[in-house]
């Protein structure tokens, strides 16, 4: 059930049986010479919708732009600053918490979002308690990173070994190929690829990772792999969501 | 050309021929008993993509959540506060301006976004000049509201007269029916509908507009109307975008 | 009744019969070679006081500096950023709402303030509801632009035709001449005046409008015209204020 | 020379001979049963204009609302939060510093503004240096409190002894009587008046100072006293301004 | 009793007999060629602990970095912006007020903190009243500057006359020598030392005070003097704290 | 070398041989019935000083209060909001980066700080690049959590098995016992201790962890263990710091 394709009365009905919601969050950032700029949002959205179908959960519109400041030296990247993303998450959760939602499951497609999301959750819990919203103390947020699912990680290792890398990975590229087969890109990839340098400023990043990849060989990706990753992630995160829903809450 | 389905190298190439970009912005808010919560984002995204195809412009990911605080007494609504939306727009434009974009055409699906967008543009121009980004003084932002297109307005008047209303209108519902025919909703609509009250707080809004509609009869909408509105809006905004691109800029 | 010339006990008494207040807001910005930098504040203040006298409303001190970032390439301009002006409006309204005021009528002298004021109103309604101020849901803000009054517009058209322009207009200059006849300025005005360019950054503005005027011929202004404009605006906005006061409110 | 009654070209000319500017700042707050809510702004504005005439300095529009949170339990008080006032001062100074002003002399009518003004100055110096405005390191701000002038203090002591008190004082009331003789108020004043309690929250303030006065007997004020205070303050602050202008600056 | 060396249950017990707390605040900034960068924090911490022992008060961890923007042109200085320090103080006081603390006694070692602390107190009172924390109206904050104690000032005058100066003073250096005798520094000091210039930007400060001292001769300091200053400050501020605790509060 | 016990000239000298700095960050929060509220700051500070001695690095003053919002339902806890901590880190790093520091090694004692620190680093890199500080692109920040050192983790497992838990752990208590043997606390500890519940709001936390411990048995701690942990952490983090210093930087 997609929030954007529902009416407010349908949401009212939904809230009588569940107060959980899934929020896909991605990023709009360079993914190397062949990866789509929307990769992280595409993966998060597709998998979130899969989890929504599998669990009956309502799925919020995708947060397409996240925290990607370190990629901003490449054209096409759009990033929120962490302080902006914190406010955005606070506003999303506050709007929904006032309506009765209490379990916020963020399905995330971008490693760079994790720290800011966690900071935003802390900020938001305190904000809601300060507002004295009736259900403030029941609000729970969780970030679930599809690319960190055990099953996904396992398959990526089997298929790609250390060519999986850590950005513009064949696994995420494969999922986008599965979702958008019409947008599979071809471009020359240097056989050598930088790896192992930590992430600091945007200028520093581009100097160390001149084509945008971090230790990955996205040429290994196929749409068929993509479907496998998608299926594994949907299955594992569906279980994760249901556990989250059923976890104890303060009375 | 969709930014999210492009690579950074394709964006680099694009920038050699154009520094314009289209940014769809909608809202996630109640649209009466039969209107989709995603109505404003759906319309803005579809029309923006149409304009992108017609003009060769690159289209950014949709800003799905806008300024809808006055609808937050209805479940399912998500809103940014104006101060958050200003920061979001500033971050989007700054990221893209650093890469060389100078013409930002926001195709907007929600009246409630207009004031905040304009405030955000002013904030952003000054911010970019303060940062001393080389092209700061060339950056231009414009908001183009599809529902205010002359041709759209004209057709809505012909088809619906004063039953068009001003929120959850048959014209916007029609566009969503055209885009998502599988999500056409049925629900009883009271023959009388509130109208004429100004917009203040969320509580006030819901008391005056108990089912969420503002003077509209969305039951008049059809997917065929939707296609007509879509075509008119794409045509008129394509012209608008090209004029914007070609308007004079400081040297 | 001027707030600044009242005591707190007089305000307490006033609140027993009315919870409305008029807030003049102007700007401190260049108005071409002959227009006063304080034009927008002078007009808003004079007209607001006229409306206060005509309706018995209390009038707050004038907000002399507004959102004029696009004029800051001309010396003498002072501008708040939109984000600052939003906080200022929020603080004003919050202070007064805690004391019992609920109807805030901003008489505005500057087009550049409108978007930010509207954004500020939305921000403030939500803020007050979050604070759970008893009367939060009754708070209503409205912006009334004297230069957009139908009667004013009509007269300007009759007197000046298209030489009215849109900044440093003869109509606003006339009002300042009526209020401050001792400060009527003479300076050479080029017969040709720029018009038709949209407003973007401060640098861009000055390049397109080198002497600060936008399509206007302020040399046509006279103090007598000023009195006419003043009278029309006071009359029309007095009616506007009374309608606003009497409009329905949530119970 | 009043900024609001000048044109931008006159300001341009002024800047060729001086980069100093006087900014009156007051407050809009209760001043006991007989003191005007605008007392602090009225005094600051009148004295600032006097100083402007005596020294040839340009005088900015008055900041009518300052930091008066502790008075907000009395109706009619309007206050900015310190964080808002800091932004406001930053925006004022930044606008003017970009045009070439470097010496900012705030003539202040309200003790409650002092701390926030000083904090704002520090914030602004750093901000301007970060922006790399050419004259950033030359910008100097000073707060000059008319009621702390030695000559004013001396006269108040002679005329009123310890009935001067520290809020709603006869000296400031006298100045307003001199400026607005038509707005002299009469109201019963209890012979006993609270004094000696420090200032904390608004609730605490009103409980300790139930009629708003702090140890003062404003019934002693006369318009003639007001003229004396006015003359002394103008003389002393004119000297202060000229010293400030002539103080050494970094090259 | 040090908060950092207590358990939460000990704090719970403490709150049954007192709701007062001492918060040392210093700065991390240049103190001339022989003064320690931590001077202000060292003095504030040592004296605060002395006061805590003398009065049985609990002492919070030291705020080591304060508002020292004007010293940032010297390496080793760390400063918060005033707007950041305001938030920090608000967060400290809010955390503790929710637990039941109501009397906040800031023992301060740095003149540059005073204005911002006072602004922060005002901001915080209003914030707590907005949050509707039960004890909000009882919260009281006070800043106590050890170097402004009458007894300290008197001794400094006796020992050093006008060589006390106003920054990197022998009195504060003496206290650090008493606390950290192992860190007494030797460096050549020019016999002439700048004095009398007001504080503006960091660049301006360093140009006027090239070695960082303001009119002081810290070579006069001895650890024995330091003990004397320490004893006087502890005694005077202990009395100050007890008076503060016993001052009337709203019921 | 401690920054607080250095002079600015010593820092200037230091910068000629190294641009690295160690910043200890802890928290001020409940640590169960026997753990010190300052535990995280005490551990971070002690270990940071050990690393400073071992490597010759300069050590900044400890950030004593971090992000501990989830502990604020226990008295004695002080927390910054994430948004405040981000500003604090930005201000620290900016001050030091302007002086020439480029390598910022945060030795952290509190798991709750990690996400916000990482968000702050991203915010700061972009901020410094926007300011166009000469060395902006060279600035690198890293968070090093002593309790996550492999050797520490290993020892904790050997000594305590699953009684190590995840908050108020015997390992961190042991370090505080080693550093402050005079502050070893005794209090009854229930044999059963809650574990396994995720961290959400402060209210939720206290309901699930009523005495503040998370799965830990701090009664197992001894000062001797503390010394072992201290030694291991100092050794491992000294290596970590040196590697960080020597890692490649953009030219």
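A, B, C, D, E and F are the chain letters, set down in written order, and residue numbers restart from 1 in every chain.
Assume a contact is a pair of C-beta atoms (placed from the backbone, for glycine too) under 8 Å apart; a residue touches a chain by one contact, two chains touch by 3 or more.
In UniProt terms the chains read A, B, C, D, E, F = Creatininase.
Just so it is clear, the model here is predicted, and its values are computed rather than measured.
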Comparison of C-D and D-E (more C-beta pairs in contact):
C-D
Of the pairs E-F, A-F or C-D, which one shares over half of its contact pairs with B-C?
A-F
Centre distance in Å when subunit C (Creatininase) and subunit E (Creatininase) are each reduced to the mean of their C-alpha atoms
46
How many Å are there between the centre of subunit A (Creatininase) and the centre of subunit B (Creatininase), using C-alpha atoms for each centre?
24
Find every residue in subunit D (Creatininase) that makes contact with two or more other chains and list them.
72, 81, 83, 132
List of subunit A (Creatininase) residues in touch with subunit B (Creatininase) within their complex:
2-12, 15, 28, 30-38, 41-42, 60-65, 72, 74-81, 83-84, 87-88, 91-92, 95-96, 98-100, 180, 183, 185, 187, 212
Help me check something: in the complex, which residues belonging to subunit D (Creatininase) touch subunit E (Creatininase)?
67, 69-70, 72, 81-83, 86, 112, 114-123, 125-126, 128-129, 136-142, 197-198, 200-204, 207-208, 247-251
